[in-house]
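Below are two complexes that have chain A in common, paired first with chain B and then with chain C.
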Partner chain A sequence: MDERDFKYRLIIPLALLLIIVMIYPLGYSLWVSLHDFKLTSIGQEHFIGFSNYWNILKDHSFWRAISNTIIFVVLAVFLEFLIGFTLALMLHRETTPFRNIFRAILLSPMFITPIAVGLMFRFLLNSQLGFVPVILNKLGINIDWFSYKMALFTLVLIDVWQWTPFMLLLLLAGLESLSQDPFEAAKVDGAEGWNLIRYITLPLLKPVILAAIIIRMLDAFKVYEYVYAITRGGPGEATETIQYHIYRVGFLYFRLGEASAMAYLLIIVILVLVLILYHVLQREHANL
Partner chain B sequence: MRKRIYIDIYSFFALLIFLIIIIFPYFWTLISSLKTAADFLHPLKFNFTPTLSHWANVINSQIPHQGINSILVGIITVVIALTVGAPAAYSFSRFNTGGEKTRFLILLSQMLPPAVLIVPIFLLMYSLKLLDTIWAVIFAHLTFITPLVTWFLIGFFDDVPRELEEAAKVDGCTPWQAFLWIVLPTIRPGLAAASLFGFILSWNDLYYALLLTGGKSKTLPVGIAGYWTFRGVEMGQMSSAIILAIIPVIIASFFIQKYLVRGLGGGAIKG
Partner chain C sequence: MRRNKIFTITLLFVLFLVACQPKAPAETVSVTEGSPLQTEVTSPTKQAQPASETVTLNIIMEQVPDYDIVAQLSKQFEEEYPNIKINFDAMPYDAMRDKILTSFLASDANYDVIIVDNPWMDEFAKANFLTPLDEFIQNTQDYKFEDFVGPVREMGVVDGKIYGIPYYNYALGMIVRQDLFDDPKLQEDFQKQFNQPLTVPTTLEDYLKVGKFFKDHGTFGAAMQPQRGYKIFEEWKNWLYGAGGNLMDENGNVIIDNDAGKKALNMYIEMYKTAAPPNSLNWGFDESLRSMASGESATMISYNWMLPTLNKPDGPSGNLAGKFALHEVPGGKAVLGTWHWAIPANTKHKEQAWTFISWLTSPKMDKQRVILGGAPTRVSVMQDQEVWSQGFGQAYYETVLKILEDAEPLARGPHAEEIINEVGTFLNSAVAGEMSVEDALKAAADKVREISAKP
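Coming up: the complex of A and B.
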C-alpha cells in the first residue's frame, strides 16, 4: 500500500459520515425550500420554484430578525474583544498575583450550557425576585432589563458574560506565542505603556485577533438559548433573532419550506458579512 | 520598578472585580436552590434557614434520567466522532491531504448554524421513525462534533515528530500500524481533551435536543428549559438542576483548559 492510497483511505470514514449527516441534509433542505412544504401536510407538497425566497425577502419580520441579529453580533463581539483584550493583557503579566487561579475561573462561563446562563440571568435580573434590580433600586436606579428598549442589549450583556472568556482564551494564547524581541527593541527606543500596545502588541497580534473575532461572530449568529429562556423574541419583535425566527416559522408555524429558504438566505448573509469583515481587517492591516 | 508594582495592584483589583462578576451568578443560583419559596421574595436576604427540599424534588424528578440521556448522547457521539475524526486529522496533519482549503472547510462546517440543518434532520428522523429517540440527537450532534474533533486533533498530530513513524517503518510496521500503535498513543492528552470538549458541547446543546426529543428521550438542557415557561415557574428546583448541569462541566474544564488553545487553533496558534 503506497502512501498516496493510505492518506486518502484515512479520510474516507470522515467523508462518508459528513456526506450522510451534512451534505445530504443540505441538499434535502434545498429541495424543501423550493416546495410549499408544511409540517401539517407532509406528502402533499408542490414545486413552487423560488416563491418561498421572494416571500421572505418581502417579509418585514425576516428583516427585523436579521437586523436584530446583526446588532446583537456586532455589539457583543465588540464588547467581548475590548474586555477580553484588557483581561488578556493583565493575565499575561507574569507578576500579576494569583493569575493562574484568576484565569481558570474567568474562563469557566464558556463551558456551561447557554440555557442555564439564560435562566440564571432571567432570575438575577427579574424586577421583583432578582438581586440586581433590587440592589439598583436601593441606589435609586430603576432599569427594566427586559423592556422593549433594553431587552436586546440585556441579551448582549449576557452573551458578553458567557463568551468574553473565549476571546480571552485565544488572545492570551496569542500573546504568549509572541516573540519578545520586538518588545525589547521598542523598550530600548523608549516606548512604553499604551504606545507599546498600540504599535507593537496590536499589529503583531493581528492574525489572532482576526481569527478570534471571525470565529466569535459566526458563533454569535447562532444566538438562540437566551432568547428561548428569557424573551421568546419579545417584547414585540425586539429580540427576535434569526435562529429563533427560523425555529418559530418552521416548528411553531409549521412552514418548513419557508424555514429552509430562510436558512439558505442566512448562509448567504453570513458569507457576505464574513467576506466584508475579512477585507476590511486586511486593509487595516496593510495601512499599519 | 515602583511603576510595575502599581500595575500589579491595579491588575489584581481589576481582575478581582471581574472574578466577582463571573462567580456571583453561580453563587446566587446555589443560594437559590436552598431557599424556601417564601424567601424568594427577599432577594437580599442571605441568613435564611436552608432547605434541601428542592434538591430532593429534583432527584426524584425526570432530571436524573435526562442526565443519563445526555451522558449517553455525549459518549456515543464522541466515540463515533473520534473514530472517523482521528484518522482524518492524522491525514490532514501528515500529508496535508486536500490542502489548506479542506482544513478551512472543516472549520467552517462546524460553524454552520443549527437552524440550517434542523429542518432536513427533523424530516429525515421523522421518516426513519427515530424522532423522540436519543439517536436523532446523536445524528444531529455529529454534524458539529465530528468536524470539531477532527479540527481539534490536527494541532496535536502536528506536534508528533516524524522520526517516530520512520523508526516504526524500519521495524516493519505498515503505515496503518504505525498510526494506530505508535502515533495515536503519543497524543493521548489531545485525544482526552478533544473527547472531553466534544462531550461538553453535546451536553450543552439545546436547539437540536429541544426539537428532536420528547418525553423519555429528553436531554438535560431540555429538562432545565422546562422549569420556567409560560405554564409555570419552579425557581428552587430550576436552580438545583442548573447547578447539577454546570458543576461537572466546570470541573472538567479545569483539566482541558491547558490543551484547548492547541486544539481550537487547529495548528494555527501554538499553545
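Coming up: the complex of A and C.
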C-alpha cells in the first residue's frame, strides 16, 4: 500500500466531520447572510447581495453592541489579569500559608456554569432581596448595581469573579515553569521586590501572559449568559453585547439573514484582533 | 488501491446521506385500555385513526398558575373522551416561541395544540403556520363564540379569519392599597393639600398628585416597571392612552412621537423620579409585585389577575391580604394582553385538537376554569353569580369586564414582537436620562416605521 495514499485515507473521517460540523454551517450561514432569510417565511427568500451588511453597518444598535462588547472585554480581561497575576505571585511564594487550600478555593468559580452565575448575581445584587445591597446599606453605601452607568461594569465584575481563576491557573503554571537561574542572578546583583517582577518575571512570562489574554479575550467576546440572565441588554442599550444582539435579531425577531451577516462581521472583527495579537506573540517568541 | 479509495469515500457519502434523510412521517398512537395491546405503537402512515385507538395530543403551555388549572381540568376531559390523551409540555415563557417555531417548521408537528401570545398572532397566521378555525366554530353546537369579550376575541382574528380561541387575558388595571385611600387621616391631608378628595385617580394628572402625596406620607406612590423592552412599553402605553395618544393612528401612521406621546412620557418620568422606589429602573412585574405585597408602595399598574394573588390570605402580602383593590387605569383605556389557543397547520390531529380546545373553552368549562382561579375571557362567565360567589367577588369580575371592553394590544402585525422590544428600549433610555423625551420618541417612531417597512 502506498504510504501517502494511506495517510490521506486516514484523515478522510476527520475531513468529513469538519465539513459537516464547520465548513457546511459556515458556508450555509454565508449563504443565509446574502438573502432576506426569515424563519417565518422559509422558501420565499431572495438573494439581496450585501444589503444585510450595509444595513447593519448603518445600524446604531449594532455599533452600540460592538462598543459595549469591546469595553466589556478590555475591562474584564485587564482586571482579570491584574488580580490573577497578583494572586499567582502570592500563591507561587513558598512562604504563603495554606497555599493548596487557597488554590482550590480560588479556582472554584470557574467550574460553575455561567448562566447559574448570572442568576446567582441577579439575586445577590437585587435591590429588594439581595444580600450585597443589604450589607452595603448597613455600611451606609447605596449602589444601584443595574443603573444606566453601572450595569455594564457590574457585568464586568461578575465576569472577573468567575474568570480570574482561569487567568490565575495559567499564570501560576507559567510561573512554576520558569527557571530559577535568572532570579538568583538578579538577587545576587541586588534586585528585589518590584524590580524582580518588572525586569525578570514579566519579561519571562510574556508568552504565557499573551496566550492567557488571547484565550480570555476570545472567551469574553462570547459574553451572553450574564446579559440574558440579568439585564437583557438594558437599561436602554447599556449592556447590549454583540452576542445578545445577534440572538435578539436571529431568534427573537427570526431575521436570520441579518443575524448571520452580524455574525460574519463579528468574525472579521475578532479575526483582525487575533491576527494582531498573534503577530505580537510571534514577535515575542522570536525575541526570546 | 484507487478502487478502495473510491469505495471508502462512496460508503461514507452514502452513510452521510442516509443519516441526513428526513424521517418518514410517523405518529405515535397509544392503544386504549381494554385493547389487547397496552403499549405504544407507531403508525407509519397519516391514515385516520380507527375508533379504538387513542390519539395523544401534545400541548405546549407556559408554566403559570393558569396552566395548573387547565392541567387539572384536562383529567376530566380524558374521562369524557377516552380516545384522546393529553400530554402537556409546560415551560417558562422564554423557551416557548423557539419551540413553537421549531414545531411549525418540522415535517411532523411536535405540538398538536399551542398557546399563542398576542404579539405572535399575526406573525404566525400570516406565515400560514396556523389552522383557520371558522368552520370548526360554525360546526360546534352551543359554542357561543360571540360570548368572548370583543377586544379579546378580535386578537385571534387575522385578515378576517379566526386563528385563535381566547385562553386567558392579561389586560392591565390599576391595583391600589384601598385601605390607604380610605384612611380618614390621609383623606383629610389630601383634601387640605389639593382641595379635592383622595380617590383612586382617573386621570394622569391626579395619578401624579396621588403618587407624590403617598411618597410624602411614607409609602411610595407607584411600584413602576420601567424595565427595558416589553415591560416598560406595556406599562407606559396605558399612560399614552391616558394622554390621548397611541402607537399608530387608524390609517397605520406612526404617531407615538406626537404631543400626546411627549406628555405621557414626561409624566411617566416625573412619576418615576418623584414617587417610585429608588433603584427601580430595571424592575419588571416580579419586583413591583413584591413592592406592593410588602407594603412599600401604594399603587401599581399591572395585570388584573395580580389582585387575587395579593389578596390571598396565605399569599405574599401577609397581613395586608384583603386590602388591595382593582380599578381601571387612569383614562380608562388599558393595554390588552391575551393568550389564545391555536392549532398548528402541520398537525395531523386537527379534529382532536379542536375537540379539546372547544371543550375547555366552552361556556360550561370556561366557567369552571374561572371559578378555579383562571383569568376570564367570556362575558357570560364574568356576569355569572356563581362565579362571583365562588371566585373573587362581583366587584372584581365587573371591573375586569370593564377593563377588557376598553382595551387594545401593544401592537399588531407581523412585526409586533420587534416593535414592542425596540420601542421599549428607547422608552427605558429616556427614563434612564440617556435620551431626551423628544429624541427617544422620535427614534422609537423612526424605528417602528423602519421595522414596519420590512417584508
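Definition applied: the second predicted complex is superposed on the first by the 263 of 288 C-alpha atoms of A that agree within 3 Å, B and C clash if a C-alpha of one lies under 4 Å from a C-alpha of the other, contacts with A are read in each partner's own complex, and residues count from 1 in each chain.
Operating definition for what follows: a residue touches a chain if its C-beta (ideal position, glycine included) is under 8 Å from a C-beta of that chain, and two chains touch if they have at least 3 such contacts.
For clarity, every value in this text was computed on a predicted model and none was experimentally measured.
Visitor: Record, for the superposition on chain A, whether partners chain B and chain C clash or fit.
Guide: Verdict on chain A: chain B and chain C fit.
Visitor: Classify the contacts of A:130 with the two partner chains as first (chain B alone), second (chain C alone), both, or neither.
Guide: The answer is first: A:130 touches chain B but not chain C.
Visitor: Give one of first, second, both or neither to describe whether A:96 is in contact with chain B, with chain C, with both, or with none.
Guide: Only chain B is touched by A:96; chain C is not.
Visitor: Looking at A:13, would you say it contacts chain B, chain C, both, or neither? Reply first, second, both or neither.
Guide: After superposing on A, A:13 lies in contact with both chain B and chain C.
Visitor: Just chain B (first), just chain C (second), both, or neither: which does A:38 touch?
Guide: Second partner only.
Visitor: Taking the superposition as given, does A:221 touch the first partner, chain B, the second, chain C, both, or neither?
Guide: first
Visitor: A:206 in the overlay: touching chain B, chain C, both, or neither? Say first, second, both or neither.
Guide: Neither partner.
Visitor: Chain B or chain C: which reaches more residues on chain A?
Guide: Counting residues of chain A touched by each partner, the higher count goes to B.
Visitor: Once chain A of both complexes is superposed, is A:251 in touch with chain B (first), chain C (second), both, or neither?
Guide: Both partners.
Visitor: Roughly how many degrees, to the nearest 10, is the angle at chain A when you join its Cα centre to the Cα centres of chain B and chain C?
Guide: Here the answer is 80 degrees.
Visitor: By how many Å are the closest C-alpha atoms of chain B and chain C apart after the superposition?
Guide: Superposition on chain A places chain B and chain C at a least C-alpha distance of 5 Å.
Visitor: Do chain B and chain C land on any of the same chain A residues, and which?
Guide: Looking at chain A, the two contact sets intersect at 1, 13, 16, 42, 128-129, 251.
Visitor: Inside the complex, what are the residues of chain C that reach chain A?
Guide: On the chain C side, the touching residues are 1, 4-5, 8-9, 12, 16, 97-98, 101, 105, 123-124, 126-127, 129, 227-229, 278-282, 287, 290-291, 414-415, 417-418, 421, 425-426, 428-429, 431-435, 454-455.
Visitor: Quick check on the complex: what are the chain B residues that touch chain A?
Guide: Against chain A, chain B makes touches at 4, 7-8, 11-12, 14-15, 18-19, 21-25, 28-29, 32, 40-41, 43-44, 80, 83-85, 87-88, 90-92, 94-95, 97-98, 109, 111-124, 126, 139-140, 142-143, 146-147, 150, 174-176, 179, 200, 203-207, 210-211, 220-221, 224-225, 227-228, 235, 238-239, 242, 245-246, 249-250, 252-254, 257, 260-261, 264-265, 268-271.
Visitor: Quick check on the complex: what are the chain A residues that touch chain B?
Guide: Touch list, chain A to chain B: 1, 3, 6-8, 10-11, 13-18, 21-22, 24-26, 28-29, 32, 42, 83, 86-87, 90-91, 93, 95-99, 102-109, 111-117, 119-124, 128-131, 134-135, 161, 169-170, 173-174, 177, 208, 211, 215, 218-219, 221-222, 224-225, 228-229, 242-243, 246-247, 250-251, 256, 259-260, 262-264, 266-267, 270.
Visitor: Hey, which residues of chain A end up touching chain C in the complex?
Guide: Spelled out, the residues of chain A in touch with chain C are 1-2, 5, 9, 12-13, 16, 20, 36, 38-42, 126-129, 142, 144, 146-148, 151, 231-238, 248, 251-255.
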